[in-house]
Amino acid sequence: MSFPLLTATAALPAVGAIATAAVPAARRTAAKWLALLFSLATLALAVTVAIRFDPGGARYQLTESHAWIKDFGVRYELGVDGIAVALIALTAVLIPFIVLAGWHDADPLETGNRRWRPTQGFFALILAVEAMVILSFEATDVFLFYIFFEAMLIPMYFLIGGFGDRAHAHGEETASTQRSYAAVKFLLYNLVGGLIMLAAVIGLYVVAGNFSLQEIAQARADGSLHMATGTERWLFLGFFFAFAVKAPLWPLHTWLPNAMGEATAPVAVLITAVVDKVGTFAMLRFCLQLFPGASKWATPVILVLALISILYGALLAVGQRDIKRLVAYASISHFGFIIMGIFAMTSQGQSGATLYMVNHGISTAALMLVAGFLISRRGSRLIADYGGVQKVAPVLAGTFLIGGLATLSLPGLAPFVSEFLVLVGTFTRHPAIGVVATFGIVLAALYTLVLYQRTMTGPVKPEVAAMPDLRVREVAVVAPLIVLLVFLGVYPKPVADIVNPAVQQTLSDVHKKDPRPEVEAAK
Amino acid sequence: MSATAVHSLWTTAADPISKIDAPKIEYGQLSPTLIVIGAALVGVLIEAFVPRRFRYYTQVFVSFVALAAAFAAVVALAADGYGTTRARIAAMGAIAVDGPALFLQGTILLGALAALFTFAERRLDPAAHGNRVDSFAAQAASVPGSDSEKAAVRAGFTTTEVFPLLLFAVGGMLVFPSANDLLTLFVALEVFSLPLYLLCALARRKRLMSQEAAVKYFLLGAFASAFTLFGIALLYGYAGSVSYGTIAQVVDGTVTDIDPALANTMGNDALLLIGAAMLVMGLLFKVAAVPFHMWTPDVYQGAPTPVTGFMAAATKVAAFGALLRVLYVVLPGMRWDWRPVMWAVAIVTMLGGAIVAITQTDIKRLLAYSSIAHAGFILAGVIATTPSGVSSVLFYLAAYSFVTIGAFAVVTLVRDAGGEATHLSKWAGLGRRSPLVAAVFAVFLLAFAGIPLTSGFAGKFAVFKAAAEGGAVPLVVIGVISSAVAAFFYIRVIVLMFFSEPRPEGPTVAVPSPLTMAAIGIGVAVTLVLGVAPQYFLDLASQAGVFVR
Amino acid sequence: MENLIALLIAAPLLGAAVLLVGGRRLDAVGHWIGTLLAAASFVVGLVLFAGLLGRGTEDRTLTQHLFSWIPVAGFQADVTFRLDQLSMTFVLLITGVGSLIHLYSVGYMEHDERRRRFFGYLNLFLAAMLLLVLADNYLLLYVGWEGVGLASYLLIGFWQHKPSAATAAKKAFLVNRVGDMGLSIAIMLMFTTFGTFAFGPVLGHVGDTSEGRLTAIGLMLLLAACGKSAQVPLQSWLGDAMEGPTPVSALIHAATMVTAGVYLIVRSGALFNAAPDAQLAVTVVGAVTLLFGAIVGCAKDDIKKALAGSTMSQIGYMVLAAGLGPVGYVFAIMHLVTHGFFKAGLFLGAGSVMHAMNDEVDMRKYGGLRKYMPVTFVTFGLGYLAIIGFPGLSGFFSKDKIIEAAFAKGGTEGWILGGAALLGAAITAFYMTRVMLMTFFGEERWRNRPTPSPAEPSVEPAAEERGEHAEPHPHESPKVMTIPMIVLAVGSVFGGAFFSLGDRFLHWLEPVTGHQEGHPPVSAWTVTAATLVCLVLGAGLAWAQYGRRPVPAVAPRGSLLTRAARRDLLQDDFNHVVLVRGGEHLTRTLVYLDHSLVDGVVNGTAASVGGLSGRLRRLQNGFARSYAVSMFGGAAVLVAATLLMRAV
Amino acid sequence: MNPVNYLYLAALLFTIGATGVLVRRNAIVVFMCIELMLNACNLAFVAFSRMHGNLDGQIIAFFTMVVAAAEVVVGLAIIVSLFRTRHSASVDDASLMKL
């Protein structure tokens, strides 16, 4: 029994959450530093996981397995494949920046109430989310995964509803109501998804008799576990629905703009860059492995929905007046790409989708956090309230532009690699869909550049004339993200090498092979 | 029947007394019930002889000791294997001593202990004329607002009768799920119902509502028990006996020693079906299943909150225990007749409870409807008619009862000038004013909503799993949908507490004595333990999942 | 020696990084760093060129493999550079002209406080452009392709405080993106067809697949070329791109970037050769554009826009040539290079003029400048002669060859294409003469007129700061600006002759592009003669209109065609109506639907449940007896149902 | 006379009682109707006991009476206190809590 590295990786932030929450009301700064410390320590552990992980080795590594709830056939089973490693790393990397970016977002407005400790709560909740997300990436037991998939809603819910954006267009009163509306919408959408999944989970247990991903997948593979076609499809739909809400896939997406719009920028990043990835990740790990037949059966519909998400999200992004809602719709478009890549059922598509999850996390973080800095300066989320920022705050504008260019997946930056892989992967199997999806890159350029032009260029608006440029803390947040974007854009090989084997295995689970090129000789 | 036969009947009855051998009572195995009933009687004597100023303390002490001792006895019995291998039918076939009985008795007793703490709480209300007061009327007999009431308050009277009443109710509840013949069932039903009727009427504040609640509860309860009794009569007519075992045999048509006198008169299926239906209806009334639920919101709202908590938890446990035994021991033979009907009841109960709860504005009524919805979920498990079904229901009941008591205990803390501030609008911003209480209540709400890592989720999963295995997949789907609906209003309360601006004239949160704290503490602890590490208790429940016949 | 290739790109890239990250502390020296690194890259280019010349004609292809970029199963993208005669030519053009323009900008941007950033962008452009021409596979080329797009976006919008500049930049990027879409689809097609997208394997196996697929790929590549090289129908951005500082127009939008499309087509020559339909499409696009651009060029009063039209038209020539296949590839590239010289020169000249005229761009407010700025006049004049194809100057050789090749296409096509090319030559002569006359001859229309008119904001902030709203007093530009102009002028005079005497250029490029002699239906001399005739006609017409008569200071209403041409032949209006307006409506509708429909369904469900709850709630009317009724009814139903169950 | 008739009578009485509960307002009367239902049950028990020829039914009848008596005690107490507060024994007046 070696050192339970995975458990430690998840437990550390949990401990951090408790510790941070315990800090007395007066010692706000201490709580912040504590949170930052724990998130960095978690990052260290995550890196260790990535190092200890051997791409050539077994499918699931660093596995742990303990009895938990015998009566439900539930075991505490952890294990990571390449995909999980990549996403755990992403999570661990982003959280410190989120903490740092949210440094002042939760400072209490009225100090004096000794009991009310929003700051401690804010950072504790963030760490709690990190712990749950990491666990759901690590869980190889369906039930275990489900538990954290659901449980992470609660801290997220409080983060969205409790710590709304100080900068809002419509005054405090409506802001708080809008905020709680957004929080409730987020929770209910995901809860309904989760409960429907619960029915499927129970159904799975009735059919399979246990929840161990490996055992079930194994049994499916060697035919010892037969599912009636109808059953398999219903169960698949139950699982997929929950993941599609989380991802989110059109037409289940409407909670995201509200949530991202009302939440503070760091929390918005937490939603779209970290939490939502659990949905797409779960499609890849659970839908495809547990229900290969049904997955193939559903592929056409899902691809079309993904396609709609891509174009629809992009078009709505163009039509937004609110910076953060714009980014949210952009994310919807990107999630469309991810899902399309997953269900393209090609190694380019799925490797691309996985890289996409990572890159989208980083790029959205960069764009959204800078947007947050911008908004916190002017106190408004409306694009129309800005103009000419580039002249007064060039660094801010520059970083914002780079974040935007990443969002429109400019070659040389990380997202390009994944987006192109997804497109190619889809094209090889479904040329028509691939071609239509390509329009997405034009629309992406449109909404990004329109946003940049309206906010950053043109004559300087009097309101922004006195706007200070990025502070040291803020640069410390953005600069590393940009470095990552460039590095992964120029040299994505390390990540790709970790991800590829896992993707190959997933493909073999669904009995799919890449289509051969027409001219073999060229290779 | 001929006159001679009738005459013989007379003569046999007139035989010398010596022929009747004294009934054999296993006092040891009945000890939990006997302890509680005995303590109740002691309580009555205390009311009679102990000076008023000592009564409160003596009553609390006696009740506590009794309940604790009874629980200890239950544990001891279970340890002796009466729950499993040595399960038997005691007291001349009147009482079953088996797994479900002991498990439920244990649950009821623990719940009663927690409830006792809330009963005994005397710090919440501001002291009247220097006398600390609890949640019960100073003098139930005096008319609200009358001089006599004022006098009673001034004199610092308190209705310490509530403790013996509580004990009587508990005694009845202990017998109810373990009753092994219909007569015992009926008597137990009345024994725990009547004290509850009274307790409902004893609120210190809002006495009009309290009395109204009592009247409604009493009339409807009596109405229901009349149906039960008629059902019992018909079953007796069907089987010629009220003993569970015999009826079951007749239903299965496997009667061993058949009395020739009975042979031609019994086995009329019409009697069986109608009787079973009416009996079950009586039980469904107690578990508050739609359409027999309508008393629930009014009574829950009107009754003193500690009583509400006790009722909501213990009554449900006892009633479901009895229902299980009736369905699994008496009527398994006619499973195919009652299952579809119960399906329908479960569905309307789940949906009805959840949907109506959405528009509630009073926290106690909200919890009432939520308890209805939960009754529906539990019914889903009952319908499974598998051992796992039984154990899942047992587990759910245990989990649910502690959440409920805890939740109502929290309700008692949120007060304003008019006593408890139960209107939801007053709970706005509670999270700002006292985060801890709000957080605790949030935990209970999340457990009600069945969020993972709370006991509510484990219970819901167990029940739905059992139902699915029992082939009731549609039931599971509907259950899932209605719990989604239910989630909505639990969330609404959380939103209210944490995300709405606190009102200037909002309620204050009273700092309770260790008693209420203990009750809430137990609630939270059980909720989390059963949520995170339920295995041990699931084992317990599954071991206890077998009825003795 | 291969290892030097990366250095070509590394130098300017380093410059860009240093200048953009370095911050204000580099403001003092930034421009020199940029220029130095550009020059360094040029030097490396020369070294490599020498190296290539040192080798036999057949093994002049160097490749340098840096690292594996995107390895996913069958999809293997490497960062590999390929230096052969074709890319060498571009490298020299890019770094050479690039360095000169860096030098020029030192003077031109002197008064701009963001000069450091400007040079950073210029270096970034150089790096991207070099990557584009040095890439060994289409995906890497794509990186450079979008890289130059980014650089051009940044530089067009360099004066971001001007809404017009910002809009123009955005427009350029978007239109280019449409083209890029074509390129990426082409790459996907290649991958599905050949399982790779490296030049070697793809172009080596064109024979193994169907012509249909090749045509598809070819058309997608053409789309890409249209976007980057401002060919019809994606030409609309080039005119607006003149919002950028003039050196940018010279380097990016005249000499190098806009010619990337031609490079792409010539590079994929093997593929196009196997897809005649695609080739035809290319020639058609080329022919149409060369006329389109020329016509637009005639109508513009803005000197830069006139030159932009001319650029469009000249690239039309190159595309046309490239579309002609092996007959034209070499001449396409040759014209590309010569055009690089003289068009860059012309733009620099224009810039120098604007510099002298307080950034006035309206030629109707120029006139008679020759005596005030002789150097500019001479260099501009040489460039003018070169572009109209004055015998002996570089334009003459390269363009003449293209016209011949067009005729050599044979058949009606040949006549049509050739005719178009000829006509183009005539119009070219016309508009260039017009520019020349309006700028340097005639009366001095800038006298006693405060410029610029306050209505339109000044082009350069420097101008505002200098607060020169009085009458301009033209003066020759500083050395740092004139030297590059002189050098380019020399190139545009002798370049063509140097290349074509003894077919130097032909032999140099042939190994890469392949070549076959075109045989026009009429003799080459006839074509040349015809070209000269057209030239004289065009120039004479222009003289008749702008030389003899004084130029009206306010543009006359002009004919329908003129007015259309002033508006880029209504292309923008079409885009605006169809794409912009339509798009706006679409998004607005979608935003509305998203709220009312997608969201509405969910909210509606919730609301209906709420309503149901409200109704059910009324059953709880507080009357104990009605509760009893429900119980009684319930009991009855229960009994009935139980009996029923037994009955069925 | 066939004891089954007593069953019919019992059923009749039970129904009358139930109907009374549903239609009458006065709490006391409602309560009496419930008692009537209980007594209908008693009749049924006795009749069955007579049919089956065993004594269980008759003994149960005694239990029922005791229980009924207990119910009277509790019930009257509650109803009386209600009457004293509201000066009306109408069930319908007690409808503070609804919805």
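Brief remarks on what is shown
Just so it is clear, A, B, C and D label the chains in written order, and each chain counts residues from 1 on its own.
Note that a contact is a pair of C-beta atoms (placed from the backbone, for glycine too) under 8 Å apart; a residue touches a chain by one contact, two chains touch by 3 or more.
Quantities reported herein were computed from a predicted structural model and do not represent experimental measurements.
Taking the mean of all protein Cα atoms as the centre, the chain whose own Cα mean lies nearest is A.
Simply put, of A-B and B-D, more C-beta pairs touch at B-D.
Centroid analysis (C-alpha atoms only) places D farthest from chain A. Chain A and chain B have Cα centroids lying 46 Å from one another.
Rounded to a whole number, the gap between the C-alpha centres of chain B and chain D is 24 angstrom.
Each chain gets one centre point, the mean of its Cα atoms, and the points for chain A and chain D are 65 Å apart.
Once the centre of each chain is set as its mean CA position, chain C and chain D turn out to be 97 Å apart. The multi-chain contact residues of chain C, meaning those touching 2 or more other chains, are 617, 620, 622, 624, 628. Multi-chain contact residues of chain D (touching two or more other chains) are listed as 18, 21, 30, 91, 94-98. Not a single residue in chain A touches at least two other chains.
Working note: touching chain pairs come out as A-B, A-C, B-C, B-D, C-D. Residues of chain B touching chain C in their complex: 215-216, 219-220, 223-224, 227, 269-270, 273-274, 276-278, 280-281, 285, 291-292, 294-295, 297-298, 336-338, 340-341, 344-345, 352, 355-360, 485, 488.
Residues 189, 250-251, 253-254, 312, 315-316, 318-320, 347-348, 351-352, 388, 390-391, 398, 405, 410-412, 416-417, 420-421, 423-424, 427-428, 431, 434-435, 438-439, 441-442, 445-446, 449-450, 453, 456-460, 490-493, 496-497, 500, 504, 514-523 of chain A touch chain C in their complex.
Those residues of chain D whose C-beta lies close enough to touch chain B in the complex are 3, 7, 10, 14, 17-18, 21, 27, 30-31, 34, 37-38, 40-41, 44-45, 47-48, 50-57, 60, 63-64, 67, 70-71, 74-75, 77-79, 81-82, 84-86, 91, 94-98. Note for the complex: chain B touches chain D at residues 1, 5, 9, 13, 140-141, 143-144, 183, 186-187, 190, 194, 197-198, 201, 207-209, 211-216, 218-219, 222-223, 226-227, 229-230, 232-234, 236-237, 240-242, 259, 261-262, 265-266, 297-298, 301-302.
By the touch criterion given at the top, residues 617-618, 620-625, 628-629, 632 of chain C touch chain D in their complex.
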